[in-house]
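Both of the next two complexes hold subunit A, though its partner changes from subunit B to subunit C.
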Partner chain A sequence: MARAAVLGRLTWQLGEVAEVIRETSRVSSLVLDVPGWPGHLAGQHVDIRLTAEDGYQAQRSYSIASPPESPLVTLTVERLEDGEVSPYLVGEVRAGDRVEVRGPIGGYFVWRAGEERPLLLVAGGSGIVPLMAMIRHHAAAGATAPVRLLYSSRSIEDVIYKDELGRLSAADKRLTVAHTLTRSQPPGWDGYGRRIDGEMVAEVAWPKKDTPAVFICGPTAFVETASDLLVELGYDAAWIRTERFGATGG
Partner chain B sequence: MKQSDLKLDGNAIAGLLREIFTMEMTTAQSTCAGCGKVHAVGRVDVYLNAPGAVVRCPACEQVLMRIVHARGRYWLDLTGTRCLEFEAPSDLSV
Partner chain C sequence: MGFVSRGFRGKRRDTASSSRVPPGQHVVNDFPVLSAGPTPRVPLSEWTLSIVGEVDEPKRWTWEEFRRLPSESFTVDIHCVTKWSKLDTLWTGVSLDTILEQVETGAEYAVAYSDGGYTTNLPVDDLTGHKAWVAFEYDGQPLDPEHGGPARLLVPHLYLWKSAKWVRGISLQNEDEPGFWESNGYHLRGDPWREQRYWGD
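What follows is the complex of A and B.
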């Protein structure tokens, strides 16, 4: 499956929307049934192409949230109000609709359950999506690597996969989830309540002697901050893999 | 909006590179012709807010590649890349 997922010519296919899951007020997951899907790796993405009646086409990349164990392809998409594609995917698309998709794509920002190094995942906003594929892969495969997730959201309402992350971390002591809420915190909040900083990273991250594998995903400024903080902590830049979403995220 | 906020990375052109090379290229290693540093293609800086994709070295910011796909053709400028090293596919029939 791994070879199939990285080799061969990319072709556009029609995927049928099997289900739409509302994650937050601005984020939905589309569960796609793509005929002949070759399988994918945790961290890969797909391209989605929309064609208007006049022939105008718009194309965007979306990370896959479902684990390699799933035959369906789940994309979790954040609605950007001035976007060309995401307002259609979040709000317009219904089960039974078809969208043009090609993939899976990518091989650099990928984690496989056989890897035994401690795993540090750092997510800003919808940057959680490819990391969720890794967490779901870890759970589905019964992987032994210990995992720590540091996940920054604006408010508790903006936390994607909140319940599932709570369930998975309660069921598996190898998974630890630390949230930070940067804009507002609910009463009684016991997580972090500020932007990511050196003290937070030092508390959550594995000691450098553990030589962890690190995946960081989110808006560009967030990714660069998190990456720099880890290097200041003594991490080797070669341990860190990043995926930048640009200014807006998603 | 600052230019630095628009910076993406090689993951953003994984699909475009696979159109051209017909294989996964973000794990390829690129050597900068300017500073000589080697980076995985997934790690390099990418700007898509130009006519095409501009790929820069994360160490020295020299342009490594320019890629334009228009009117049914590709233009691939690799002047800034001294070497692009990647694994040969074991099964070319795929």
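What follows is the complex of A and C.
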């Protein structure tokens, strides 16, 4: 368990935005320099608190995309149209701004590079973010566990970290990435072109005899579908860890 | 002068309900789902609810027996540690007072346990006094599996992770024993009005 990484009082800290990376038209990564950051595990998240001039505050939780090896804390945020915090983080915030951060949080949806079981990662949309921390951790640590990622996006333009995933999987044969594009596919697309289903999961997932560790993250309906399909495939529910985004993360 | 986020205004909530929203929370209209693993599905014919642990005699109800217990409908606000609150939610369930009065116990703590292995700990005082239920209907309909059906604990005055989905029993204990999230960085009690989210809050 991840007690060491979450032990003790979590206090609000001021982080400075070192860089803003535009990932897609709706998604940006904020690279934060948080003095005294205690370190984190792949899969953990932080709380962000914004304060207006009159003292009004809003808080939200965001997954960490950077691996434990990184001294900087990268948050990848999707802008929700009627959101309160995400349109500020994706749009208003620029390098040099400061943001209040509290974390890292969560000791269950985490993966450590020392784990040897085959790893199955299933992402829907921005649910890729905590899974990307695991993939980056795997690469940075030179982990030996084989990894398969099944990543569902609406269109090729919505695929977050597309180039980096291509680079990492080309460089390490232990990492396999399968994309599915549910709304539109570019000409010559050789990935999947439909919503996640039993046939797709059976093709991508490890055979159950491999007793894989599974992490699923995405919108509720996606996570429900993916986890049900894996249970139907014979996976033990105890292998499967889920994290779900409501429609109202804001 | 405290910290100000440059250029942040925020969306102000209407003042009528703001006194009902704990610090750091915002109101949502949908019903987000959070759980740590796959949704368990147990046929009602195999479902039971048990009271075990520090009791004179353990007690167990089948689904039919449980549904014969007196139940009530009630409207409450619920608050999730992931920052959303939902106001005026309508539930039907059996009060924990009704359930616990059927056993003799001097225990001060409880661990609720669920299908799928989830656990959460609560002081017995947070379960009694007409403020906790085993709920089986939401908004007039049988409770959806993804929201904890067929029945979940509902303790609306604490963060929602205390309201164990798919609850199958309560173990009464003499000592406070951290449950699933409480062992993973979350607060032992989880009072949203005191913003008891994490260890040390």
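The definition used in the following text is that the second predicted complex is superposed on the first by the 243 of 250 C-alpha atoms of A that agree within 3 Å, B and C clash if a C-alpha of one lies under 4 Å from a C-alpha of the other, contacts with A are read in each partner's own complex, and residues count from 1 in each chain.
In this text, a residue touches a chain if its C-beta (ideal position, glycine included) is under 8 Å from a C-beta of that chain, and two chains touch if they have at least 3 such contacts.
All of these numbers come straight from a predicted model, not from anything done at the bench.
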Just checking: does A:Arg148 make contact with subunit B only, subunit C only, both, or neither of them? Give me first, second, both or neither. neither
Please indicate which partner A:Leu10 is in contact with in the superposed arrangement: first for subunit B, second for subunit C, both, or neither. both
Is A:Ser227 touching anything from subunit B or subunit C once the two structures are fitted on A? First, second, both or neither. second
For A:Arg60 in the superposed arrangement: first (subunit B), second (subunit C), both or neither? second
Once the two complexes are aligned on chain A, which partner has more residues of subunit A within touching range, subunit B or subunit C? C
Does the superposition put A:His40 against subunit B (first), subunit C (second), both, or neither? neither
For subunit A, give the residues common to its interface with subunit B and its interface with subunit C. 3, 6-10, 47, 61, 105-109, 220, 241-242, 244-247
For the complex, which residues does subunit B have touching subunit A? 1, 4-12, 14-15, 18-19, 22-24, 26-27, 40-43, 89-91, 94
Going by the contact rule set out above, which residues of subunit A touch subunit C in the complex? 1-3, 6-10, 14, 47, 49-53, 55-61, 84, 88, 92, 97-100, 105-109, 220, 223-224, 227-228, 230-231, 237-238, 240-242, 244-248, 250
Can you check the complex and tell me which residues of subunit C touch subunit A? 2-12, 24-26, 28-40, 82-84, 116-117, 146, 180-181, 183-185, 197-201
Complex contact set, residues of subunit A against subunit B: 3-4, 6-10, 45, 47, 61, 102-103, 105-109, 219-221, 241-247
